[in-house]
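Labels run A, B, C, D and E following the written order; every chain starts at residue 1.
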């Protein structure tokens, strides 16, 4: 039972990181209908920058996090202002490729800027943990879960605002959005800045104890894909629940599959999120909370 | 269609001519093709080993990209699962050519067939999914595929990887090189011509299909699925057909790739590889025959070029990335990202679009202003 | 009356070639102008050039200028123009398919001022199109064609604009609804909104507009009071393809 | 034989009854118009007939056969063609290719035949190109045959779509607002064209249109829908004089 | 001026045979280096290549090998097999042999090319796939041998240990598992659990729980630094403190502090790492009780003064040292052709690394050059954070281990 609870907690903690990554994906998707393939790299960049500010810059963690998140948001903003601005009206596919370009740049910029040695993320919690009911709950993980929930609530309100509506309108039809007076650039800029912001926060938590930070940290974004799809790619709530669900599925599979379903092979937990995702999609082609396209002839 | 074809302007024209638009293409297009053919045939004698190997990788990738374009560019089904079919082709070659020692005349086509069958099996599950949902489910294919590859050692040699066979057609042994028509071709030279022939065949084939019933059905499904159905297109069948054709070409490409590489590990059939293929078709220009080829040349060739330039810089003048110094490889990767962005902003329709633009620039100067205005306007 | 909208020597090209050639046009403040012309004449292109949406269609302004309320706005940010009072109904409906009817009506420039104005207009729009009131919670993409068109017109009216550009507002609408729109347009025109209407069926145009411009193959071929234009046999037969009995 | 026998057709979307117990017959060779206010259910009716909306309540016989026996893409081969209110064109394709997609059901070429350009496939392709060309010429769109339809003006796109439906060589042609968005002159042309088609061939035509001039000039009979229910059915003259129709739909014509 | 084909010249007694990459007139020899200088593996490739470079620079500055200078041509492979093949093709015609090919999958990709061209490959890959290949010259102990030796050590010091292993799911990990399994069998140890992970994983709770629940008190990690540290940290936060045994590559001084040395900020996981056993075959950096250390440090100070203590740098230095001996033998035989080099390798005999590495032996019967392993313990106060607790030794299980190929 404690094993189960411990795995579940680990799964939810991991899931909260997926949720933060997934929120980054959805905020961009809701405004642009585009999957941002640079989300993982933005995350890595934010985490490295924050760590660097703490360890080499001597800033207190919270200040470093604010600066790091600000700069990462700035990267999102800059990408919108310098690149995507010129891609208005281009096919979604092209824009997706542009995010791949950003990913390539960020990925190669991290080692020269910060080195590629593993490093601590600079958070103040370190290895401290809460011991309760025979379980060990790391403070970083607890905070990660709390943060994911707080960010979810913030996003929930944001989406219901007039600005959130403008974002969805922009995603539905850019030209029509301009025609009704929605300032597309501003809307996109905010979406990208938010994506950068949550990327940085997510990155810091991915690299929290017991993990360490290294340049491959961005890979976590790949693992968040099943989460966003499972939840429904344009649903904020879906992203977070999908994140928690996938995290739990992954950890529980890792914990029990070798014992009970060993014929599925080594490390089935890596494929499990995708298997769950595909099974869900076969029943609900637009995920648990995603909206179907409203189209008719 | 190629980047060189100018959109033919047809007046109230003699139908016979416009019925066969190929005849309407300018003669210099043939010249171009001839020049490309000559260049393609002579290349191995013009470059060093580095560029020959790079050219082989380009040709092999182009076959796979052509396949992805059938599915994504022509049928509109975004797939990030191409790596899985590439891997399936490679391992089919490994089992049949390596384990059973069959002739390359068997295992190369068999790789295409096996991958095609897998595509046919995967296709139907994808029928209900649209757009990015499909794209991400196909990512699942990559992860599940890797899981299978890692665990089924019989296919893949397990996590440690496996050596793949070098083609052998009777006495023509690629491993040792061979005399062909009086010329000695080494291993890479032989691979080059094999890949060249297969690519050329695939291009002609895909072009033919694209210009006839199945190709049009694919485009119709891509553009408007429901309308296509009402017009008599069997949407499900068309999609599955596209999956099969696409994964057959992927299998072919994967078998050649694995064989040329000599040794493959399960983890290399990963998402990054899939993404590279998507970049190829987008950068080259989707739903065209030359697009995937040119895209492959850029995606495989450009890093090679940047890398090669870096090789000529003095050793370690660049330091190492332990010390926070920009290495040449990092710099070239950044340059690649910048190129991708700038290029797509300048020409969203890919290299082929760029070519079209030059071609239409030509015709722009050739027609008078008055004609331009009248173009397409119904004046009756 | 001074001109709220002035277009001078506007020349526009798409990739294949020219679509507008030195077009000059004026929309008098408080006036109602109709653009007439056959298919492909360049009517939509002219509206796109005015509202700054050309780039979505690969079009470029080669020469000339657009002035709105005395200011040069050639190639301006479309969203700014809307905020400054220029609203439009796009060709082909273009409702936000994933948003509900209600949400479609609520979209518009950001900011409190605009929000307030929209609140006042909402009742008016729903009174004009009772059908929409019945469908408020439905995703707009699932509406019938005519219902979408009502929504498109209603959405443009929400910002109570100073200048309203309408590209075929009666497209696919039942006769009764077309009559309703004609009346509504006449009313907001009387309240001071300047109108520029592109219409193929001249019935609605005639009911609303006073001035007329005839565009053909990207050039203005005639202009003057609309009733005169439509009475001109040559205009009708040469440019509008109406066969005389 | 009747081209269509529709009985008690109903269709609901949640609380909305798009169609509510609709019954009518269309005789073979008839030009039958369906009119009604926006949202009355006309397009929904077409969608049911072309099997892209599942038929759950009511029956339809299509030239004597149960419509349920067909899947959407099989109807093309069974002689049903339609145009779409919002245009169902494939925008990047040329006009000619669009029309050729309409001939899909008449073509057999597969991956082998077309990929290898076998003689049979080439003959088939050439013959169908000719047919497509003729259809374009018939509607006056031959001049734009090689242009991507996305760059054509709206009116021309509508013509191409009609050409595509004609190229399918239909027994039953469903036209959803064929003249919407066209100029006065063009409306006359299209109306004439539909009339000619109807007169020259034995094609049955089902026409949805809000242009009363066109409807009343062409139709043999008119069916009026309102809120998914039939409120009138008869000759154009009968319908125009019907008070319910005037109140729900026609109103007082603009000058 | 350089020769790409072979040539024969008569100087003094008998003909001096040369191959590609050898310039007889200038007395220079060019070797190729294929190594990752970017991407995650650059962490290994950069210092390793620097070490190799330092050795040859110093050698050249001190008169070379009988006047022969050795040059390196380096290509960045990004740890990508495709790039490796391209680079190989680029380098091969102009080099006598490959002074370094780093990585298992990458070296595998050029294996058939190199063996058909008869090119020697100085192989910086420790999994045992290469130890029986004629063309590969490997220094150091294969992973499988390391873990087998470690099991001997465990049997001596904790005979009742309940053993577990967590290994990376690739060539590296499976090699570690192989030796672990052999050692457990040879010394009748009690294995209670095994688990594996993939290189891209970020969370390891389940693997650690598997160990904990099985009651493992001694756990081998055939892992890379980040995952290894994460596993130790995860365990520590659960109050689970087995004796960890790290396979060499699992260790990095950066796991202890932000700068890799005591000047930096200690990491959160550092306390949990203290006491971990590290399997290695290299002398501790700065341990001047080892004969070769002083010279090594002098060379490092002169040529790479900024280098922090790093085992890969030392490894590269030793790789170069082995290659110098190889070249010296070939020069002595007046045969600097590729075949001559291969022949020299087969008959190289024993090489003394001055204690930096255990002696290595190369004979025609192939097999690993070295079957010795030392064990160090993580110690917050020691230079490089490591203190040797068991000098090099070879266990019977390691001695009798056989290899494919």
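We adopt the following convention: a contact is a pair of C-beta atoms (placed from the backbone, for glycine too) under 8 Å apart; a residue touches a chain by one contact, two chains touch by 3 or more.
The model shown is predicted, which means the values in this text are computed figures rather than measured ones.
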item: Co-neighbours of chain E and chain B - touch as defined; value: A
item: Shortest walk length in steps over touching chains, chain D through to chain E; value: 2
item: Centre distance in Å when chain A and chain E are each reduced to the mean of their C-alpha atoms; value: 37
item: Separation of mean Cα positions, chain D and chain B [Å, integer]; value: 40
item: For chain C paired with chain D, centre-to-centre distance based on mean C-alpha positions, whole Å; value: 29
item: CA centroid of chain B to CA centroid of chain C, Å; value: 46
item: Overlap residues in chain D, where contacts from two or more other chains coincide; value: 43, 52, 84-86, 88, 147, 151-153, 155-156
item: Residues of chain B engaged with two or more neighbouring chains; value: 7, 150, 226-227, 230, 321-323, 327, 329-330, 333, 376, 378, 380
item: Numbers and ranges of chain C residues touching at least 2 other chains; value: 16, 38-40, 142, 241
item: Footprint of chain A on chain E - complex, ascending; value: 38, 40, 42-43, 169, 195-198, 200-207, 209-210, 213, 225-226, 229-234, 236-239, 252, 254-255, 258, 260, 264-265, 267-269, 271-272
item: Touching residues (chain side chain B, partner chain E) in the complex; value: 48-50, 52-54, 57, 150, 158-161, 163, 166, 175-176, 187-188, 260-265, 267-268, 303-304, 307-308, 310-311, 315-316, 320-323, 327-330, 333
item: Residues on chain C engaged by chain D in the complex (per definition of touch); value: 14, 16, 37-40, 44, 91-93, 131, 135, 138, 142-147, 149-150, 168, 171-179, 182, 200-204, 206-207, 240-243
item: Sites on chain A touched by chain E in the complex; value: 3, 6-7, 10-11, 14, 17, 55-56, 108, 111, 116-120, 126-127, 129, 131, 136, 138, 206, 209-212, 214-217, 219-220, 222-223, 250-251, 254-255, 258, 266-267, 269-270
item: Of chain B, residues touching chain A in the complex; value: 78, 125, 128-130, 132-133, 135-137, 139-140, 143-144, 146-148, 150-151, 226-227, 230, 271, 275, 278-279, 282-283, 286, 321-327, 329-331, 333-334, 336-341, 344-345, 348
